[in-house]
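As written, the chains take the letters A, B, C and D, and residue 1 is the first residue of each chain.
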Amino acid sequence: MNSLSSNPSAAPEAPASAPAATAQRKHAWLADYSMPLLYIALFTVLALTVENFFSAGNVVGLMLSVAQIGMVACTMMLCLASRDFDLSVGSTIAFSGVLGAMLLERTGSVTVAVIGGLAAGALIGAGNGVLIAYLRINALIATLATMLMVRGLAFIASQGQAVGIANDAFISFGDARVFGLPLPVIVVAVCFLVFGVLLNHTVFGRNTLAVGGNPEAARLAGVKVERLRVWIFLLQGLVTAMAGLILASRITSGQPNAAQGFELDVISACVLGGVSLQGGKARIIGVLVGVLIMGTVENVMNLMNVDAFYQYLVRGLILLAAVLLDQLKTRGAGGHRD
Amino acid sequence: MNSLSSNPSAAPEAPASAPAATAQRKHAWLADYSMPLLYIALFTVLALTVENFFSAGNVVGLMLSVAQIGMVACTMMLCLASRDFDLSVGSTIAFSGVLGAMLLERTGSVTVAVIGGLAAGALIGAGNGVLIAYLRINALIATLATMLMVRGLAFIASQGQAVGIANDAFISFGDARVFGLPLPVIVVAVCFLVFGVLLNHTVFGRNTLAVGGNPEAARLAGVKVERLRVWIFLLQGLVTAMAGLILASRITSGQPNAAQGFELDVISACVLGGVSLQGGKARIIGVLVGVLIMGTVENVMNLMNVDAFYQYLVRGLILLAAVLLDQLKTRGAGGHRD
Amino acid sequence: MSAYLQFEDVSKVFPGVKALNGVSFEAHAGTVHGLLGENGAGKSTLLKILGGQYKPDGGRLVVAGKERHFTSAADAIAAGVAVIHQELQYVPELTVAENVLLGRLPTRFGLVDHKAAQQLVTRRLAELGVDLDPAARLADLSIAQRQMVEICKALMQDAQVIAFDEPTSSLSHRESEVLFRLVRELRADGRTIIYISHRLEELYALCDTCTIFRDGRKIVTHPVMADVPRERLIADMVGREVNDIYDYRTRPAHGERLSVRGLDGAALDGPASFSVRGGEVLGFFGLVGAGRSELMRLLYGADRRSAGQVLLDGKAVSASGPSAAIAAGIVLCPEDRKEQGILARASVAENINISCRRNSLLGGLFLRHKEEAARADDFIRRLRIKTPNREQEIRLLSGGNQQKVILARWLAEPDLKVLILDEPTRGIDVGARNEIYRIIHEVAERGCCVIVISSDLPEVLGVADRVLVMREGRISGELSRADASETAVLRLALPDAAAAAAPPTTTEHTPSRSLQ
Amino acid sequence: ADPVKIGFLVKQAEEPWFQDEWRFAEQAAKEKGFTLVKIGVPNGEKMMAAIDNLAAQKAQGFVICAPDVKLGAAVERQAKRQNLKVMSVDDRLVDGAGKPIASIPHMGISGYEIGRQVGLGLAEEMKARGWKPEEVGALRIAYDQLPTAKERTQGAVDALKESGFPLANIVDAPQSRTDTESAFNAANIALTKQARFKRWVAFGLNDEAVLGAVRAAEGRGLRADSVIGIGIGGSKTALNEFAKPAATGFYGTVQISPKRHGYESSLMMHQWITANQAPAAVTLTKGTLMTRKNQAELVKAGG
């Protein structure tokens, strides 16, 4: 939360001379793609040095391991971009999974289970949105409160027990493969695509950035800020519920304990990917890389048999290294003042 | 420069009419004290309705139960006020406790253990500060990284096992009573006093708020922003380590697993107490009330034997109710611009 | 012709402040209606009501014969009202095109048509005669350029009523000319225009009609502004006579105190050197982007120097940062009030005391609250800062009054040696400007060096003993007060080609010294 | 005399195991007419607060499964100061040096012993299927941050070793949290690493961990005939697996009885308070291997 874009007069005049402009473009390009490049470099090094890393099985496993985080990171990005915050996603994953499993148990209908789970997620999200946008409750407190309440509901509904799933059609969601890729991986890829387009190519996305960058300016320009906020949270709830249902299908049960601490992972992945907690800045490719870095580090540490205790150290160091490298590149690229 | 006022017509602006001014004072006062008043009201109601709540034993127990959170909330307040963020406090509590216990075990000297623990905390804090202020790493990522690394160190140092403490002098820290109050309660009271004074009556505190409000303006006004940031984190580390040592003495062991999720509790207490995550706003009495509300809710739920699953629901609802009530009051009190 | 826009008995109360008190006036289509008044008179508040940002506590607003009750900015926009607010409201991370089209981006098949947006904005910018890259991020533009974006954003709405709140306060000469042309075109097109400014020249040049405010009340509407002598306007506004606004007096000159040697940094085009004598007021003029602010920031230690040295009274000043400069007695009052000056949520008193309090601490750490309160009250009185009390959050003050608070911060420095003012009177009313000029002279009379950067040419000429002119990142010339005519200064300020072609001037406005 | 009030403090209130324990303790409370106060104590700090809280409610004693066995000394001190009787359940409390605390009666089962049962169960089933140990990989879903988890898996490892299983075939899969998804991811990587094994046995801290391993194996085409997973707990998670029409790699679980632990421990405490009859210093219960075959009867017996 340090002073990100606090210095407005810092940057060059627009009609800069031609070579300067090219240099600037190039720098902007570097700043844009430094993260993906970094990741590609990392991946290559790992592929060459770490045994078993670059195998179809492992790469698919890696992607599968970040599927849930990836889906939710897409909407969390929107949420952070609009200068908000959502701590309730972990609980929502658990609750929608439990609810879906219970509905499945009672009705035997996959449709009912899926619709029920998604609707619950959307409702939770919309509730967050209303609390934050209309009742003006601080997002941290509001979503902390829903995080607690939704987790409570998951426990209460399931009486604290895992709810088993026996329905094969439902289980195949998490299991099926298309073109050799597990369905969850395909879903997360679609999410990145859809939300990338949403962020960059729709009025919704641009308004989201505007609201995060300067809510007052957005409001004065006629953007319906409150309504937009509610929509963002609603989407977040919906996608999170989808992730929860997919998780439930993968582990063939709805577990009320699932995904504790998930929210921090998702937010970290976004921030690692360059999304500003001060709002107004987001890049889908950055988020993708952030998610991948987190998953890759864990994957490689286990492949290399790093001791569990030392994994904490390594994970911390890698996080620092990633942002520092990125930092240096952007710093080299364009003198900012402070 | 007194000739400046030589202009005869330069009389002070007629302040707004007297009743309006009084009304404003009253509103300001209400906004200032709505939280404490709310808490007093809550406390009174509980004292009258909940059996065993208003007994010396319970009240002291309640204060003891928030001692650690309270201490760390004092410095977290400064951290948030300067628009920063610290996720590493939970790990630091664990690490300083483990380290203190190990030093005690090896050297048998309380002084060495205490100094060692505190120094480690200060070092961790200063490290965070340097990463954030000088290397400009996003505070969330930086402290997430230290959170992981310090937790790792705690596990590595202790080999994952709690380190027992047998030294009576050390144990009496957490045990001793002065004027009937346990030492930790006295320490946390002193913390609130000291940090209240620091925030409101020293340059350090004011500069902290200034940096949080507008870092660039603060720098141009002569505040040494980077150095100040490092000091804030150093203090945070120091106080957290103290809390960790006191906890270790209370539970007669240094536990590498201790205080997981502690950071969220502390930050929530601060935010509940009106500290803005956007920086520049903090009130020590608010933080005190925030901490007390969190502790009281838990205390009362246990006194009333509320079911574990329903505790989640209740805690969420109380959080919402607290901010909503506070919200309504300040809203009633008047004009905010946006 | 019936009035297109009518305010009837409009009131607005904030805690402790009656910002508007039964204001009524009307504005006609095809005219430019000027609003004048001291800082804090209520002008911006009126525009915020017009723009749907505030709800009035009483009174009626009639647009095109229909009574309106706007509940949001969107309502006002829908009713054909566009307001360009005093505090710029842009989204720094978005591009010019996106800012201009905020809230109404063109879409194709549900997706934003970036190309069409870019083309649309490019075309409109060209039509408006504004030279801006539609793909540039706002964060990368100068304040003046951001201001132009704001103006374009409002014009893009094709509104019938267009209200400008001090649009020129951060524009320099060149952009101002563009703006004036636009305003005239809009008038010719039959729009209803409200125009707020503290610059009398431009009001005379643009406005047909004007209304004067004081303390939230309407004092008078002059149907034909040109007929009203400026003394009359000033007296109506300030409630007293102001004669020579610059109040220039010759002072005994001392020896050289401040010497800047070969200072260089990222934004300059080569090293810059100059010196200032004790008791001297040095004016800096240049077009927007000439590098004046950059040079001062280097001097102040706010940016990293690549070369050079600053000597004060023969001793080198540490370049370690603003705090070192302040400790040496050099202070800088920055040009961008909102981003670099105010601590928005802190009180007026806090904003005044933030720096100077270090000299009167108890034990080097503790504040002396009484002394600070007294100091704040003193400045509130002396600079006539309009605030209900010293504890008011500064963001709730009117723009001009915020500027006065920042000035007070630096005037409160007890051991002031060099006072650098970057656009000090931006958004400040005539009476207060007069006050600031007096302060400048007094500070100089104490033997301090004063550096005044201004894009307001008459102001530079009016206060400075000597004028330095910058162009494209270097100092292009120096003129003594006697030699500093408008043409001489402009010749040094304009790029060579432009200077040769046509020295565009403020001439259109009545030469400013006539204020004297 | 005051009405009898007994606290029952458990380290993870949300876990089904403890929910069950509480449920059975409640049953005892109803029968004997005392009040049961249930508090979750996820960490040392909360535990201290909960004991204070019990004293404030004028409880006379409490049963505890502490968040860490090394908190023993703290429990002992705090109970003494507040004048509360205390006994431990599930996990046996130790002092700073690691010695069991004699003054605190205990009812439970050693994590290490349960682990051994898992290991023995795996070894027997391998033998029954005629697998050659050298061709089998053993997946240890590890969460060594938690001392009980380490103890349990250590027990399983030791038992496997004793049965002649080669140590080199035991593969660690450290999970980053204790939920099923983390176990899944960890197992997935371990399976990649040791793709040479076509048959696997899997064990871990609890049923959820083993379930993750089983699902990961299925993802690689390893099904019931080539995977033997044995969990710990006998929870709903395990029963759900047994309820599936076709057998899965989730072969069994070592069931421990929350009934005895919850019901009997609170009865003992009640007896101690009302009749001043201290419980036996140690009461040990046993785990039972539950599989598809015997689950129905075990569930019925367990209530």
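Criterion: contacts are C-beta pairs under 8 Å (C-beta built on N, C-alpha and C of every residue); 3 or more make two chains touch, one makes a residue touch a chain.
For reference, the UniProt names are A, B = L-arabinose ABC transporter permease AraH; C = L-arabinose ABC transporter ATP-binding protein AraG.
From a predicted model like this one, the values you see are computed outputs, not experimental measurements.
Q: For subunit C and subunit D, what is the smallest step count along a path of chains that touch one another?
A: 2
Q: Based on CA centres, what chain would you say lies at the far end from subunit A?
A: Max centre-to-centre separation from subunit A belongs to C.
Q: Counting in whole Å, what is the centre-to-centre distance of subunit A and subunit D, each centre being its mean C-alpha position?
A: It comes to 34 Å between the two C-alpha centres.
Q: As a quick test, compute the distance in whole Å between the mean CA positions of subunit B and subunit C.
A: Computed value for the inter-centroid distance: 41 Å.
Q: CA centre of subunit A versus CA centre of subunit B: separation in Å?
A: So the centre of subunit A lies 29 Å away from the centre of subunit B.
Q: If you average the CA atoms of subunit A and of subunit C, how far apart do the two points sit, in angstrom?
A: Result: the chain centres lie 42 Å from each other.
Q: Hunt down the residues of subunit A that sit against at least two other chains at once, touch-wise.
A: 6-7, 155, 160, 216, 261, 308-309, 311
Q: Could you pull out the residues of subunit D that touch at least 2 other chains?
A: 14, 19, 144-145
Q: Please set out, as single numbers or ranges, the residues of subunit C touching at least two other chains.
A: As it turns out, subunit C has residues touching two or more other chains at 302, 339-340.
Q: Give the pairs of chains that touch; include all such pairs.
A: Pairs of chains that touch one another: A-B, A-C, A-D, B-C, B-D.
Q: Sort out for me which residues of subunit A touch subunit B in the complex.
A: For subunit A paired with subunit B, touching residues are 1-3, 6-7, 87, 131, 135-138, 140-142, 144-149, 151-153, 155-156, 160, 215-216, 261, 264, 267-268, 271-272, 277, 308-313, 315-317, 319-320, 323-324, 327, 338.
Q: Quick check on the complex: what are the subunit D residues that touch subunit A?
A: Going by the criterion above, the answer is residues 14-16, 19, 142-145, 172-174, 176-177, 179-181, 184-186, 188-193, 195, 208, 211-212, 215, 218-220, 235-237, 239-241, 243-245.
Q: Show me the residue ranges of subunit B that touch subunit D in the complex, using the header's touch definition.
A: Going through subunit B, the ones touching subunit D are 51-52, 55, 57-58, 60-61, 64-65, 68, 155, 160-166, 171, 175, 247, 250-253, 255-260, 298-299, 302-303, 305, 307-309, 311.
Q: Over in the complex, which subunit D residues touch subunit B? Could you list them?
A: 13-14, 19, 37-40, 43-50, 52-53, 55-58, 67-71, 73-74, 77, 95-98, 144-147, 150
Q: Please output the residues of subunit A touching subunit C within their complex, sorted ascending.
A: Interface residues on the subunit A side: 5-15, 197, 200-203, 205-207, 209-210, 213-214, 216-224, 280-281, 335, 337.
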